[in-house]
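Each of the two complexes below includes chain A, the first together with chain B, the second together with chain C.
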Partner chain A sequence: MAKLIIDAVITGILTGGVYALMSSGLTLIFGVMNIINIAQGALVILGAYLSFVLQQNFHIDLFLGLLITMPVMFMLGILIEWAFIRPLKLERTMLSILVTFAVALIIEGVLGIQFGTSFVQLHAWYADASFQIGGFYLAYIYVFGFMLSVILLGGLYVLLYRTKFGYSLRASMQNRTAAELIGIDVERVSAVTFGIGVALTAAGGMAFGATTAFNPGSHYDLISRLLVIIILGGLGSLRGALIASLVMLVIEDVTSVVWSPVWASTVFFMLLVVILLVRPQGLFGQLEARKQ
Partner chain B sequence: MTRHYAARLWKALYASATMSLVLLFVVACGGQSSTSTTPTPGNTTPIKIGISLSLSGDFSADGKAFEQGYQLWQTDVNKSGGLLGRQVQLDIVSDASSPDQVQTNYQTLISVHHDDLVFGPFSTLLTKPASVVANRYGYAFVEGAGGGPSVFTRGLHNLFDVSLPVASNLVAFANYIMSLPASQRPTSVAYATEDDPFTQPQVDTARQVLEKGGIKTASYQVYPAETTDYNPIADKMIASGAQIVIVGTLLPDVSAFIQRFKQQHYNPQALIATAGPDQGSQFLSAIGGTKPAEAIMVPNGGWYPQAPTPGNTQMVQEYLAKYGGTAADISSDVPEAYSVGEVVQQAVAKISSLDNQKLITELHSGSTYQTVQGPVKFDDTGQNVAATAYLFQWQNGSLIPVYPTNVAKTTPEFPKPNWP
Partner chain C sequence: MKIIKITGLIALLAVFIAFPLVFSDPAVTIIAVFTVLFAVAATGWNIFSGYTGYIALGHAAYFGLGAYAMALMAQDWNIPAGYAPFFLLPLAGLVAAIFAVPFGWIALRTRRHTFVVITIAIFFIMQLMAYNLRGITNGSAGLTLPIPFDWSADFFNLPFYYVALALLLLALGVSWWVRNSKYGLGLLAIRDDEDRALGLGVKTGPSKLVAFVISAFFVGMVGALHAYFIGSLYPPFAFDALFDVAVALMAFLGGLGTLAGPILGALILVPTQQYFTLQFSENGYYLVIYGILFLVIILLLPEGILPTIRKRWIKWMAYRSQSGKIPVVAGTSGQEDALVAESSGKRDGVNL
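Right, the complex of A and B next:
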């Protein structure tokens, strides 16, 4: 049993890294723009399909393909922000839920027309292979996915805390009106932030698609988990999204092997309720995040 | 102020009363529609058949395949002169795989669209609420993918499933394992199943048979259908060291289990999944080709592309002409839907009427109907008692029947070779 629990902890951490990639964009967008992007799950699936197309048609490695898919998704994010989010002037948070849900349905519909509803999965030599350390087999895909997550989230940290754009972005997160008053082009910052948030889904989608069979409808189960992660971590907090992803996956995986998969989510949600009762803003809620 | 509230209360009551009257009117109209079904000489208006299908959401792959099956039948029945000399028109709406939406849809199809007949949706999960709505209006509810035991225990007289009752699906596999010589017979099994009314009863039935035969349960897990991380479930099966694995899955979970087994170098002697391996090229694409598929098993309710059943060759040819691909690409959902149409077509022809009450009586009469899935005969609960469970296995890139011996094209490959 001890081996099984250690295995579950390792798997939870590695898988949590992949979820952190998918949820970091969601929390970043909320932090700057105060909108909840329900389309994040559908964008993850779109990212997975882009990797699928590059692999099937051009035989481009999944990780190398990110050099193409991430910029494409970044531009798509800017386009979505311009077309659907920017026109929302009043009740942005509420309306954004409806509008981004519509975006999710559009993406699902287009993917359905293009690819049908058959399940597909991304394949590479590292998707099924593993290596052994101390009696544990570690799957390359999860290790690579976790490393990718560390690199991208590290890059995002540098962007936020070591660049002029990062200062503008954090200023917009702290106080949108004040940021405008000191000359920051908040609309431009919002567009770029949305683009970054969507670009991250390309990486998350690739990792998701290499570990799970997916079809255009796969985003429904995904978005609920991503929302839970950013609520636990604290809306708007990158650090919170990372830690909450790891906490959620480790708790669920350990509960699953020790007790039952049926209780895995329940135990996590009970913990979530307790945490929210003590800290309604989540582990690293907005106040904390905006101090960063 | 009091008068103001009184006025608002009066308005609310007035609105509620109006809504109730409108609803009563709609329901009354719906009720009438099911009775005005006696064929009129010279009546050339198309017969409308209402169907709710999962064209998006979790069941969208199966929903689309079901749509193909229904449409193929529609083409064929219209080509042969229609039902009672009238052309058939399908009135298909999408339920997005939602048990709530499917109820609304059948309510609409019957009471607003006034469809003459209704056919079933995809999955046991959706069939249960949908059949209740149809029963309320006195409609016959013939379906092909709602075979979970819980569908038949609610005393509904209008429900008929043309496919094999799902609880029996894995019995052929269990019988095969028990038929092995004692020296070759595995001694332990790991089970994992979705908490789905389609998958879990199959796994539980197989478990009962195998435990009765002395094969011990090394691990038994039930997991929520919305699970997206299957690794801990797979890890527990691996840690149990079971010699064979039985999983109650759809395609995404079985492909995730296979991937994890490969990563962890776990090679069970046999692996069978309730669904997933029957999805042809979709399954092969998900798990990475024919080599990892070798010797993986799946139960079968009586249909395969080469099955020598009436009309099957024609249906397969028509499918390939319309949708392309190969015969191996045809989902087993397609014949399930097609068979629904065939049964209703034969029953309606026999009673020369579209009256739903007469249709229900006919379907309960003990008559046997011929379909591409084989013979169909309903018992009192609406289950098809004429269907037989087969065991299929992937061998050299083809999914072929291997048990029972009277339908087997070759012997089962046991034990399963190691993952490539």
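Right, the complex of A and C next:
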């Protein structure tokens, strides 16, 4: 039993890394633009299908394919922001939830027309093989996916804290009006941020698709988990999103071993309710940010 | 003016009552039943979300709870098919309302985005419960409800239509009362500025919770009637994420926080949706068209049909009465503009 639990903890941490990748884009978009991108889950699934197509039709390796899919998704993100988010003037916060939900429906519909509703999974030698370490069997894909997350999140860290764009982005996050006053083009920053958030889903989607079977409708489950993660971490807090991803996935995996897989997702959502009873602003959120 | 209004309302009601008798094709009346059902749900949803400004995207939870309550009561008490199950509707609504008390209490501790996400999370918890509590809900195998076989195909939709219409009148009555009462004024104050409303003595917590429970009651009854109409019940259809946003979209289309807006939204959206479902039965095309429709509505009419018309009307009246002078001086017009400016300037302060 103890061995099973340790195994679950390891798997939880490794998959948690991938969720951290997906949720960091979501929380970043929220932090800068004050909107929730409900399409994030659908974009993850879209990213997974893009990798699937590149692999099936052009025999491009999943990880190499990211060099193509990530820029494509970045452009798609900028397009979505320009076409659907920017025109919203009144009640932006609320309408953006509905607009991005509509985008999610369109993506789901297009994927359904193109690929049908049967489940697929990404395959590669590392997705189907595992190795043994200290008595535990680990699939290569989990380790590779985790490494990918670490690299991309590291890149994100450098971008945010070591570049001029990063300063503009964090300034826009802290105070939009003040950032505009000192000459930051907040609209441009918003567009690029949205693009980055969406580009991250391409990588997240590939890692997700290689570990889990998915179909166009999988995004409901995914976005609900991502929302729980970013709320728990505290909206707009990158560090919170990372920690919440790891904690939630570990708890879910341990629950499925100790109790039963069917209750694992329920525990995931229950935890949100329980934690918010104690801390309405999430684990790392600030109370001030809630009032505005 | 008042007489014109009342006559108009009675005429409208007569149209609603006569509709299935005039257009008696079952293919038409079935759409009419769904339309009126959604109008009830949207009106109920609007009592909470429209008036308080808290947008709940998890009301499918109460739709499903009402549906399961109906199915289980009919099953355990051996209710025969026919008119008897209609009398269970208030009970099913009550079950949904009772569940809404703790859920609302938890969710309403938070505001804005967090509130939206908690309502979604509660919705998912209930959906997972429907799958997992097999002893009660029979899991994904679902439940069946009594089916009134002795109603002919031509007649079948009519009882459902009129019961739904009665629910609509009830919901509309409650919504009207809330809109015109001191209680409703408190809700509107919460929408505009919750902290200030609290400071002015509005009991914000209980006010919000009561509105939440009322809206859950109506949505629960809609779920119950819908379940009896369909005759079977499965977790993904009882707890449907599309229902969450469909109801919100109807209220947004017609005009959030207005009395007739949600009904107008349902009248436009449900027949369109049913038409597309029939035309493009393949799931994908239907979703794409629905999504595009969604985007067009929100981007072109962000305030909804009724408020837009009202605003144009006021401006036009002011312009006409002031013709010859500069229209900007007109009192109402200027006031309206000031309101718009204020709400757009404060958009980040909107309580969710």
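Going forward, the second predicted complex is superposed on the first by the 272 of 292 C-alpha atoms of A that agree within 3 Å, B and C clash if a C-alpha of one lies under 4 Å from a C-alpha of the other, contacts with A are read in each partner's own complex, and residues count from 1 in each chain.
The working rule: a contact is a pair of C-beta atoms (placed from the backbone, for glycine too) under 8 Å apart; a residue touches a chain by one contact, two chains touch by 3 or more.
If you're wondering where the values come from, they're calculated on a predicted model, not measured in any experiment.
Asks: Have a look at where A:F101 lands relative to chain B and chain C in the superposition and call it first, second, both or neither.
Replies: second
Asks: Between chain B (first) and chain C (second), which does A:A127 come into contact with in this model arrangement: first, second, both, or neither?
Replies: A:A127 sits against chain B, while chain C stays out of touch.
Asks: Does chain B (first) or chain C (second) touch A:Q174, or do both, or does neither?
Replies: Neither partner.
Asks: Touching A:S118 in the superposition: chain B (first), chain C (second), both, neither?
Replies: first
Asks: With the two structures laid over each other on chain A, which partner does A:A8 touch: chain B (first), chain C (second), both, or neither?
Replies: After superposing on A, A:A8 lies in contact with chain B but is clear of chain C.
Asks: Quick check for you: in the superposed arrangement, does A:Y220 touch first (chain B), second (chain C), both or neither?
Replies: In the superposition, A:Y220 contacts both chain B and chain C.
Asks: Now for A:Y137: first (chain B), second (chain C), both, or neither, which partner does it touch?
Replies: first
Asks: Using the superposition on chain A described above, determine whether A:V262 touches chain B (first), chain C (second), both, or neither.
Replies: both
Asks: What is the shared patch of chain A, the residues that chain B and chain C both contact?
Replies: 108, 112, 117, 216, 220, 224, 262, 265.
Asks: Using the touch definition up top, name the residues of chain A that touch chain C in the complex.
Replies: Residues 30, 34, 36, 84, 87-95, 97-99, 101-106, 108-114, 117, 216, 220, 224, 227-228, 231, 235, 262-263, 265-266, 269-270, 272-273, 276-277, 280-282, 290-292.
Asks: In the complex formed with chain B, which residues of chain A make contact?
Replies: Touch list, chain A to chain B: 3-4, 7-8, 11, 15, 108, 112, 116-121, 123, 127-130, 137, 139, 211-218, 220-222, 224-225, 249, 252-254, 256-257, 260-262, 264-265.
Asks: Which part of chain C faces chain A closely enough to touch in the complex?
Replies: 55, 57, 106, 109-114, 116-118, 120-122, 124-125, 128-129, 131-132, 195, 241, 245, 248-249, 252, 282-292, 294-295, 298-299, 302-303, 343-344, 347-350, 352
Asks: Using the touch rule from the top, collect the residues of chain B that touch chain A in their complex.
Replies: Interface residues on the chain B side: 55-58, 60-61, 63-64, 97, 195, 221-224, 226-229, 231-233, 235-236, 239, 251-252, 255-256, 259-260, 262-265, 279, 282, 285-288, 292, 419.
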